[in-house]
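Okay, so chain A shows up in both of these, paired with chain B first and chain C after.
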Partner chain A sequence: MRVTVKLFATFREGRFKVEEKDLPDSSRVIDVLLPLNITPEEVAICLVNGRDVNEQHVLNDGDTIALFPPVGGG
Partner chain B sequence: MGGYTGKVLRINLTEGKISTEPLNKELAKNYISGRGLAGKMFADEVPADVDALSPENKLFIASGALTGTNAPTSGRYMVVTKSPLNGVIASSNSGGQWGAHLKFAGYDMVILEGKAARPVYISISDDSVEIKDAAHVWGKDVYATTDILKQEFGDDKVKVLSIGPAGEKLSLISAVMNDLYRAAGRSGVGAVMGSKNVKAVLVRGTGKVENANADEMKNVLSATMAKLKENGVTGQGLPTYGTAVLVNIINESGIYPVNNFQESYDPDADLISGETMTANHLIKKDPCYRCPIACGRYSKWKGGEGAGPEYETVWVFGSNSGIHDFDAIHKANDLCNKYGLDTISVGATIAAGMELVQKGYIKQEELDGTPLEFGNADGMVEWVRKIAFAEGLGAKMALGSYRLAEIYGAPELSMSVKKLELPAYDPRGVQGQGLQFATSNRGGCHVRGYLISPEVIGMPEKLDRTVIEGKATWVKIFQDLTAVIDSLGLCLFSSFALGLSDYRALVNAVTGFNYTDEELLACGERIWNNERLHNLKVGYTAAEDTLPKRLLNDPIPEGPSKGQTIRLAELLPQYYIERGWSATGVPTPERLSSLGM
Partner chain C sequence: MNFEGRYKRNSETFSKIDQLKFAASTVAIVGCGGLGGYIAEEFARIGVGRLILIDGDRLEVSNLNRQIMATELNLGQYKVEAAQERLGIVNSEVRIEVVKGWFEEDRGAELFREVDLVCDALDSMQARVGLERVCHQMALPLVFASIAGWFGQLGVSLPGDYSVSKLFGRADRGVESIWGNPAFTPAVLASLSVAEGVKILVGRQPSLRHAWLQVDLQTMEFERFEIQY
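This part shows the complex of A and B:
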């Protein structure tokens, strides 16, 4: 399956802004994080299609994953 | 009693009379200072039915109990008066340096009463207070006024608070500015100052604010500073990216209003995000007094440099107007600072104007050749200037989006609550924040209770933004705690890292009041009820605890939160029960007496 991974704030440093990834079926968010060298503890907000989930969330084809370190406020 | 100077400066402009009086300590213990105490004094002194722009209205410029101390983020002050935009207690909060220096000069607050016969400014240098002629700066913008009056004062350390042309022209969305770029922005407070013929208040203080318990303060300070440093938001996120870092978070959540709230997701938002701003525009950080967070930005753009812009400003002149041109956003922000306007209300009024044109309510011939359409950046910037000088259609826009839309028979196109323009969060996708918007005493405002923190950012704990269970309780606690933080004169952003017990420890070390957590939070509840009682007196009812029709009736049309709706009808009764109010939103005698009111 194919998912879109979006990185924000410091997660972009040395990585990318947006990339498409091919993953085996029933992959989880953690399977996206590990190859990027991002630990679940570093992730403050993980949105899959806009909904807040944790790293064990099972992904589906076409999902958009948005990952943020602790940042917000305004 | 540390923290307080114990002195109130009262200036009757009609009579040209300057006097000082002792601060009422009993009232201060119950209402703290700033928003709380000035709000209570305002409600006691000013009849509810006065015209906001008449000499009978009073303007309180009030520091918080901790303003000017060594507590972190303690640079804030509030402008408390009757709002000309919606008639309720305006309590517009600003940072920078001015508030702390009012304390150094020896005053907890300044009260401006009556109306000067001609334009004047107030010059405060410790005990020496004068009312001076301002004819030469009347009509000048905030930057020029600040320069001229500083020179005239002859001491570079003087701090200047002033209005711009917008306040002089009584725009209902005008701000009181201080230290050039900081704004007591909301509710049209600039017009009240303008209506009194007061251009500026200068302050130079050489004193110091004492702490009641200096040893205790040392410990509390190191504990709170450590928390602010360790917290991901206050220690890294806000210092690195400023508030505009929210653009991507809110957009990816699908609750980021676009084109006057017609949509809630912007595929191009990253073009104007905090990340982009940091990479391409940031010159340096620009913190307020004693602030380790330093979210304030100083940036450059094609042809200029200056402070900001903040998240709300980026959004309102950006995506909410269909614009992704950072230079135009910077320019619009700079014009607002220069002319003394509230960026949120100005941008939202322009966006409402764009929709009124789009739907055919405003005809092209009324635009005098200046485009007013979503996506037109040059037109948008020019409309900011026209609003400041009340030129052409700009005169109607200077009254805010509600009156503008009402004039054209389409008030539902004003995205406001109680006539105050909503900030950058679509309440349909964030239930607690939606309830907060509807019940906020001063109208559409996110800084009366920032539920985005738990519901989106996950602090102090993560809540599901789409459910209503428990949200009424959260909203009440957030509103009451925010009233406390405002009245202490601390920045609301400190609350990403600090909680009620931290604030209690700070206020006790400074004032020696020895509040318990419960007593301190009860001050916040008292402040909230004081504001609510005033709202009821000026004629607001539970019917105005609502949201614009579009947000109430239609689901979010597209994007990550597609289909979501606000469940306000279920939330409101829970909220009234939580507050101990009647089913029609009136504080009950029992609850008021339990608060000692």
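This part shows the complex of A and C:
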């Protein structure tokens, strides 16, 4: 299956802004994170098709995954 | 109120009635660093009648790169006192009240007495979530903003929304601990906060309820995301 991965803020450093990825069926969000060298703890928000999910969420063909690091400064 | 003098250039954007509403309003700004300093500056210039500034920190040399209240002359001074002095000569019509201490959840009722709007300009995730809880308990609207490097997030949480806990509930620390904060990011996010805040003060709908704005000043992208309930 094919999904679109969108990275935001500092996650883009040394990676990309948006990329399409081929994944085995029933892959989870965690399977997208690991090859990107992003740990679940580093993710403040993960949206799949606009809905807030955790790293165990099972992906479907055509999904868009958006990953945001925590931005907390004042 | 003299609409032809100090507030002449607010007019058309804001009606005389809006301007009177500002004068009768109180905004509490929690955190008086990069974001809070600019937020206080803009609300004072716009003509909000009373500002409550809350921060237990003193100015230090590493604040000079971005905090509008910091100068080479006032290092070591409480941030809220430095702000009070500056705003006193920016707009002496504004009553500036300062709290030299940290926001704590059990002090909400005391800190936010007769407050119309709260601005979250904190730098700790936990404190942000606690502040939202207090605002909801006290039925107060909250504008929240956060910054790190070239990036920022901004939104509005009205009682019952829990936007902050959704956005900030998971992490302990943000990437700002690595990326720092340059001068322009707090200025931009503070201005966006005030633009949302004034709408609430005059009784218009804020634009970022049940949503947040993801700001990227590297790519100049401002993207809105909905917070699903």
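Note that in this section the second predicted complex is superposed on the first by the 71 of 74 C-alpha atoms of A that agree within 3 Å, B and C clash if a C-alpha of one lies under 4 Å from a C-alpha of the other, contacts with A are read in each partner's own complex, and residues count from 1 in each chain.
Operating definition for what follows: contacts are C-beta pairs under 8 Å (C-beta built on N, C-alpha and C of every residue); 3 or more make two chains touch, one makes a residue touch a chain.
For clarity, every value in this text was computed on a predicted model and none was experimentally measured.
Look at A:49: by the touch rule set out above, it reaches chain B but stays clear of chain C. By the document's definition of touching, neither partner reaches A:34: not chain B, not chain C. Contacts of A:8 after superposition: both chain B and chain C are touched. Using the contact criterion defined above for the overlaid structures, shared-chain residue A:70 touches chain B and also reaches chain C. In the superposed model, A:58 makes contact with neither chain B nor chain C. Looking at chain A, you'll find residues 8-10, 17, 44-45, 47, 50-52, 66, 68-74 touch chain B in one structure and chain C in the other. The residues of chain C lying in touch with chain A in their complex are 31, 33-36, 120-125, 128, 145-153, 166-168, 170-171, 173-176, 178-179, 181, 186, 214, 216, 219, 225-228. For chain A in complex with chain C, the touching residues are 8-10, 17, 41, 43-45, 47, 50-52, 66, 68-74. Residue ranges of chain A in contact with chain B, taken from their complex: 6, 8-10, 12, 17, 44-45, 47, 49-52, 64, 66, 68-74. Those residues of chain B whose C-beta lies close enough to touch chain A in the complex are 231-234, 236-238, 240-241, 243-246, 248-249, 252-254, 270, 273-275, 295, 310-312, 424, 450, 452-453, 456-458, 462, 464-465, 493, 496, 559-561.
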